[in-house]
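Both complexes below contain chain A, partnered by chain B and then by chain C.
Up next is the complex of A and B:
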C-alpha cells in the first residue's frame, strides 16, 4: 500500500517537473504568431503577398526580359483570350500589358522593401537615441523630425528625387556609382518617411527607460549601447514590424506618384510608368493598361494593409480585446 | 581596526528643476563594514533612495548632480572614477536590487539570459559555464528545479520568485556590497519574511555588506546592525539598532516609534506625527523638523539654526538642539563598527510562494 502510494507520489513529482517542458511559455511573439495563423483573412493576405514576391522573383530571374519588349500584336489592342500575352491587351507600341504588369512587381517590391528598410533604420536609431539620452541630443533630433515633417511631403520628396537623380558617388574600395531610377526612389522615399516611426519609438523609449529593468541593467554595469540595443530595442520591435507592414503599401503608391511626375523609373517597366503612359491613352478609350496597373496596386495595398492591421492587433497589447 | 568597506562623507546632491534647485541629499555621512547591515530609514522623499543610487552613480544627470562629498569604496573615491571604471564596480563589487520585482526583469528575455548576461559581463567565462553559475545562484536563492527555471520568462513567475531571481542576478558575481532598495515593500508579509531571511543567510555565508533602504521599522529591527534615520534629506539620527530602539534621541525617531502599531495595545487610532512631510523645494528654516516637533515649544533656535549631526552619546549621533548636552557634543563623522547582538532566529528552509 505504502509502496503504491510512494510510487504515485513520485509520478506526480515527475509530472510536475516535466510540465513546464511540454507547455511552451507564452511569449509576445509566440502569442502573435498564434493570433495571425488563427485569422483566415490574414493568412489569405499573406498568401497574396507570397504571390507578389514570387512574381517579383520571376521578374528578377530574367525570364520576362524578352517578353516585356516584344511586340505581340497591334498597338492598343483590347484584352482578348487569343493568347496569354493578350489577356490584358497591348499598349500603344503593341507590347503585352500582362507581361509588363508582372515585371512591374519587381520594381514595386524592391522599392517598397528597400525604402522601408532605409526609413526603419533611420527612424529606429534616431528614435532610440533621442528617447534614451534626452537633453540636447533629443532636442536636436526632435528639431530635425519636426522640420522634416513640416515641409509638405510631396515637395520634399520631389526635391530629393530631383537632387539625387544622376548623382555620382564613390564608395572607397568598391567603385563609382551613379544613382539611377530605383535607388533614387528608394533614397528619396526612405529619407522622407522615417518621422512617424521615429516619433513613435521615441515616445515608447521615454516610457521604457524609466522601467526598473533598465535601471537594473545599468546597475549590473551594462554600457548604454548594450542597454539600448539589447534591452530597449526588443521591447519596441513590434512597432517596427507594424510600421514595416503598413509602410509597404504606402511606398508602392509613392512609386506611382513619382513615376507619374516623371521622377521615377525610366529604364524598366513599373506600375507607375504604366499608369503614366496610360493617362493619355485613356481619352481614346484604352482603359486596360490603366486598369491592370491599378488593380495590381489595389490588391497589393489592400493585402499589406490588412496584414499590417493583423500584425498590429497581434503585437500591440493595448489593442487586444478580451478573448 | 578593520577598514570600512564603503564610507560616505558629507554627500550633497542637487536636482536642478524648473522650479528651482532641490536638495534631496544634504551632508549625509555613513559607513558600512564587511558583513554589516546598515539600514537607512525614512519616509517617502526623504532622500534615502537617491543617496543609494548615488553610490552607483545612477542618478539621472541632468537634472541630478553631486555638489560635494566623497564616496570611498575600498580606498577609491567612486565619484572620481571614469564611467568605464564605474561600470566595472557596478554589478561586480556593488550590486543592487530594486523595489518592484514585477518590473525589474526585462519581459522579452528568459531569466537565464538575464542572469548569464550579468555573469559574462564581469567574469571571463563561456556561456555554458555562465549557465552553470546561473543555475547555482538560482539554487542558492532557494528556487527549485533551477535548470528548468532558467528557460522561464519573468511573467511566468510570482513576485516573490522574481525578487529571488533579482537577488540571484545581483549575487551571481559575488558583490561585496548589496544595495537593497525597499526589497520587500512590494511583496506580501510572508514572502517579505522569506526574502529577508534569505538575504540574512546569504550575507552570513559571504560576509557581504548590505545597505538596506526601507521605511519599515519592523524590517529594521529584525535585520539591521546599524541604522541611519533620514528626515528632509539629512541623517537626523545614527546609532546601533539596539541603541536606537532603546534610547531614541531625535524627536522624529521617537515619533516614528510612537506611531507604530503595538501588539496588545488598546488604542482606536494610531498616533501620528503632526503636520506633513516638508516639500523638498520649500524646506522650512532652521531645523527642518521644527514645524512638527513636540520639543520645540517656541524655541527660536529651532526656527533659525539647523542643528549639526553631533555625537550626543558615545556611538550615537543625533541632530536636535533639545538633546541633553547637545552644544557640548562633538561634531564627528558618524561611523559604527557593530554587529547586532541578537541574531534573529533562523527558521527552517522557507517554503516557496
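Up next is the complex of A and C:
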C-alpha cells in the first residue's frame, strides 16, 4: 500500500517535471481580466472611473467644504482663466461652479455605490434562496418580484422617495434618524432596482443546483448555507459584476431626475441640484453651471456604460460574438 | 394554448393584489401620519382632524369590523384598503376634485405627446436597427451604434432644458412653454415630441440591433440564402417577423419610460398633462394623487403585460408550450 502510494507520488513528480505548466489555467476571471486589459477603450474608461473616485474621495476628505460655500466673484460670472475657482464660472450667489461640481461627485458616487449595494444584496439573497429552495419560498419570491416589476419603476421610485422623505426612524440603542437627502435616494433606488438581478440569479441557480458538484456537496453533508454561499454564489458572481457596472450610470441619472422633482438632495451640492438650479438661469443666458454638471454626468455615464459592456462581454461568453 | 391563457390570466390576480398591497402599505404605514405630512408641524388638532376626514384617513384601515358584527355587509368594505382596491380614490387635497375628473381633463395633453412620440420612436428604432444590422461592420454600423451609446449617456433633463432654451428662446422656432386645446396644441407639442423621439432612440436601436444580429446567424437564414432568396427579402420578411417577439416585449417593458418622459417634459414645457399633475402632487404632498396614480398606472401596466403575453400565445405556439 505504502509502496503503491510512493510510486504514484513519484509518477506525479515525474509528470510535473516532464510537462511543466507553461501557462496558468484559464479561469473565467483570468480570461476576463485579459480581455479587459487588452481593450484600450475599456482601460481608458477604467482610468476615468478612477479619476471620479479620487475626486469623490477628495470631497469626503473635507478639503472642499470651505470652497463650495465661499464667494469667489460676482454672481453668475462666466468662466474665465483668472483663477482656478473661476474656470467654470460662478453661480447666482458668486460661488465657484468648479468646486461645487467636484463636490457633486461625492453625492453622485455615494448614491450610485450604496444603491447598488442595497439592490445587489437584496437581489442576490432573494435570487439564491428562491432558485435553491424552490417550492413555496420560490413561489413567494417570484410573486414578490413580479409584483414589484409590475409597478412602473419610475413611479415606484417616486412613491418610495415621497413616503420616505422626512420620516423619523428610531433605531434601538443608536438614536433617532430623520431620513433626508442621500439615504432617502439610496433606499428608493436600491429597493426598486433588485428585480433584474434577482431574476437572472434565480434562473442561473435553478440550473446550477442540478449539477453533480452540488449533489456531491450535499452528499458529504454540507449545510444549505455553505452550499449556497461557498459553492453557488461564486458561480453566479459574474452576474453581480455585470449588473453592478451596468447599473451605476442609471443611478447617477436617477439622482438628477429626483432632484428635479424635488425629492433629491437639498443639503449639499449635487449634479442633479446644479441642473435643477440652472434651468431658470439658462433662460438668462447662464449656461456654464448646466453645462458643467451635464458634462460631468455624461462622461461618467459614458465611461460606466462602455465599461459595463466590456465587463459583460468579458464575463458572459454566451453574449460574445454578437456585437 | 387555452390552458396557458387561463393560467396567465389567473397569475395576474395575485400580482394585482400585490400591487395594491405594496401601494397601500407604502402610503399608509411608511408615512406615519399622512395628515401631519400634508399640514405641517404647526397644525392644530382640529385642523388635523378635518384633513384626516378629507383624506379618508378616519375610515378603518383594512376592514370595518364594527359593521361586520352588525351584519352590514356593504359597510364592511367601506375601508381605506377597499377604497383603493375598488378605485374609490380619496379626493385630491390641492385640486379638491375627484381624481377621475382630473385624469379626464389632464390625459389628452399627455396622450398628444406620448402616443405620437412612441409610435415614431418605435418605427425609427426598428428601421435604424435593420439598417445597421444590414451594414454590419461598416462605418454606418459603427457610427450609429456609437451615437446610440452617446445618446444613452446624456442626461435627458439637460437636453430638454437646453433645447427649450435654444429652440424656444434663442431661435424662436417653437414656443418656449405652454399649451392650448384643440388643433393648435400641435404647435406646443412639436418640440416635446421631437425631443422624446431623439432621446428615446438610443437604447432601443442598440437592443434591436443585437436581437436582429442574433437572428441573422440562425439556420433558417442560411437556408433561405442557400435557396437564393435576396438579402432584402431575408431581412424584411424572414428576420423581421422572427424578431417581433423580443421587439414587442421590449416595447411593452419600455412603457414605464413614457411616464418618466411625461414627468420631465410636461414639467419643463408647462404642459397640463398627467405628468405635470403627478409632479405637482409630489411637490405639494398631495398623497391622494401620488398614491392613486401609482396604483392606476400599475394596473394599466399589468393589463398590458397580460395582453401581450396572451397575444404571443396566439401568434407563436412555442410560447404556450414553455
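The working rule: the second predicted complex is superposed on the first by the 297 of 323 C-alpha atoms of A that agree within 3 Å, B and C clash if a C-alpha of one lies under 4 Å from a C-alpha of the other, contacts with A are read in each partner's own complex, and residues count from 1 in each chain.
Everything below uses one rule, namely that contacts are C-beta pairs under 8 Å (C-beta built on N, C-alpha and C of every residue); 3 or more make two chains touch, one makes a residue touch a chain.
Computed from a prediction, not measured in an experiment: that's the story for all the values here.
Chemist: Between chain B and chain C, whom does A:59 touch in the aligned arrangement: first, second, both, or neither?
Modeler: neither
Chemist: Going by the contact rule set out at the top, does A:167 touch chain B (first), chain C (second), both, or neither?
Modeler: After superposition on chain A, A:167 lies in contact with chain C alone.
Chemist: Examine A:104 and indicate which partner it touches, taking first as chain B and second as chain C; both and neither are also allowed.
Modeler: neither
Chemist: Who does A:293 touch here: chain B (first), chain C (second), both, or neither?
Modeler: After superposition on chain A, A:293 lies in contact with chain C alone.
Chemist: Classify the contacts of A:159 with the two partner chains as first (chain B alone), second (chain C alone), both, or neither.
Modeler: Second partner only, chain C.
Chemist: Answer with first, second, both or neither: which of chain B and chain C does A:127 touch in the superposed model?
Modeler: In the superposition, A:127 contacts neither chain B nor chain C.
Chemist: Applying the document's definition of touch, where does A:308 land relative to chain B and chain C: first, second, both, or neither?
Modeler: A:308 sits against neither chain B nor chain C.
Chemist: Considering only the touch criterion stated at the top, classify A:89 as touching first (chain B), second (chain C), both, or neither.
Modeler: Neither partner.
Chemist: Check the residue A:217 against both partner chains and state whether it touches chain B (first), chain C (second), both, or neither.
Modeler: Only chain B is touched by A:217; chain C is not.
Chemist: Look at the residues of chain A and decide whether chain B or chain C touches more of them.
Modeler: On the superposition, C touches more of the residues of chain A.
Chemist: Touching chain B in the complex: which residues of chain A?
Modeler: Contacts found on chain A: 17, 20-21, 25-28, 135, 211-213, 215-223, 230-231, 234-235.
Chemist: Which part of chain B faces chain A closely enough to touch in the complex?
Modeler: For chain B paired with chain A, touching residues are 56, 58, 62, 87-92, 95-96, 98-100, 103-109, 117-118, 121-122, 145, 148, 151-153, 155-156, 166, 169-170, 173.
Chemist: Chain C touches which residues of chain A in the complex?
Modeler: 143-144, 146-148, 150-156, 158-160, 162-164, 166-168, 249, 253, 256-257, 260-263, 275, 278-279, 282-283, 287, 290, 293-294, 297-298, 301-302, 305-306, 322-323
Chemist: Touching residues of chain C toward chain A in the complex: what are they?
Modeler: Chain C residues touching chain A: 11, 14-15, 18-19, 21-23, 26-27, 30-32, 37, 149-150, 152-158, 161-162, 165, 169, 176, 210, 213-214, 255-257, 259-260, 263-264, 267-268, 278-279, 282-283, 290-291, 293-294, 297-298, 301-302, 305.
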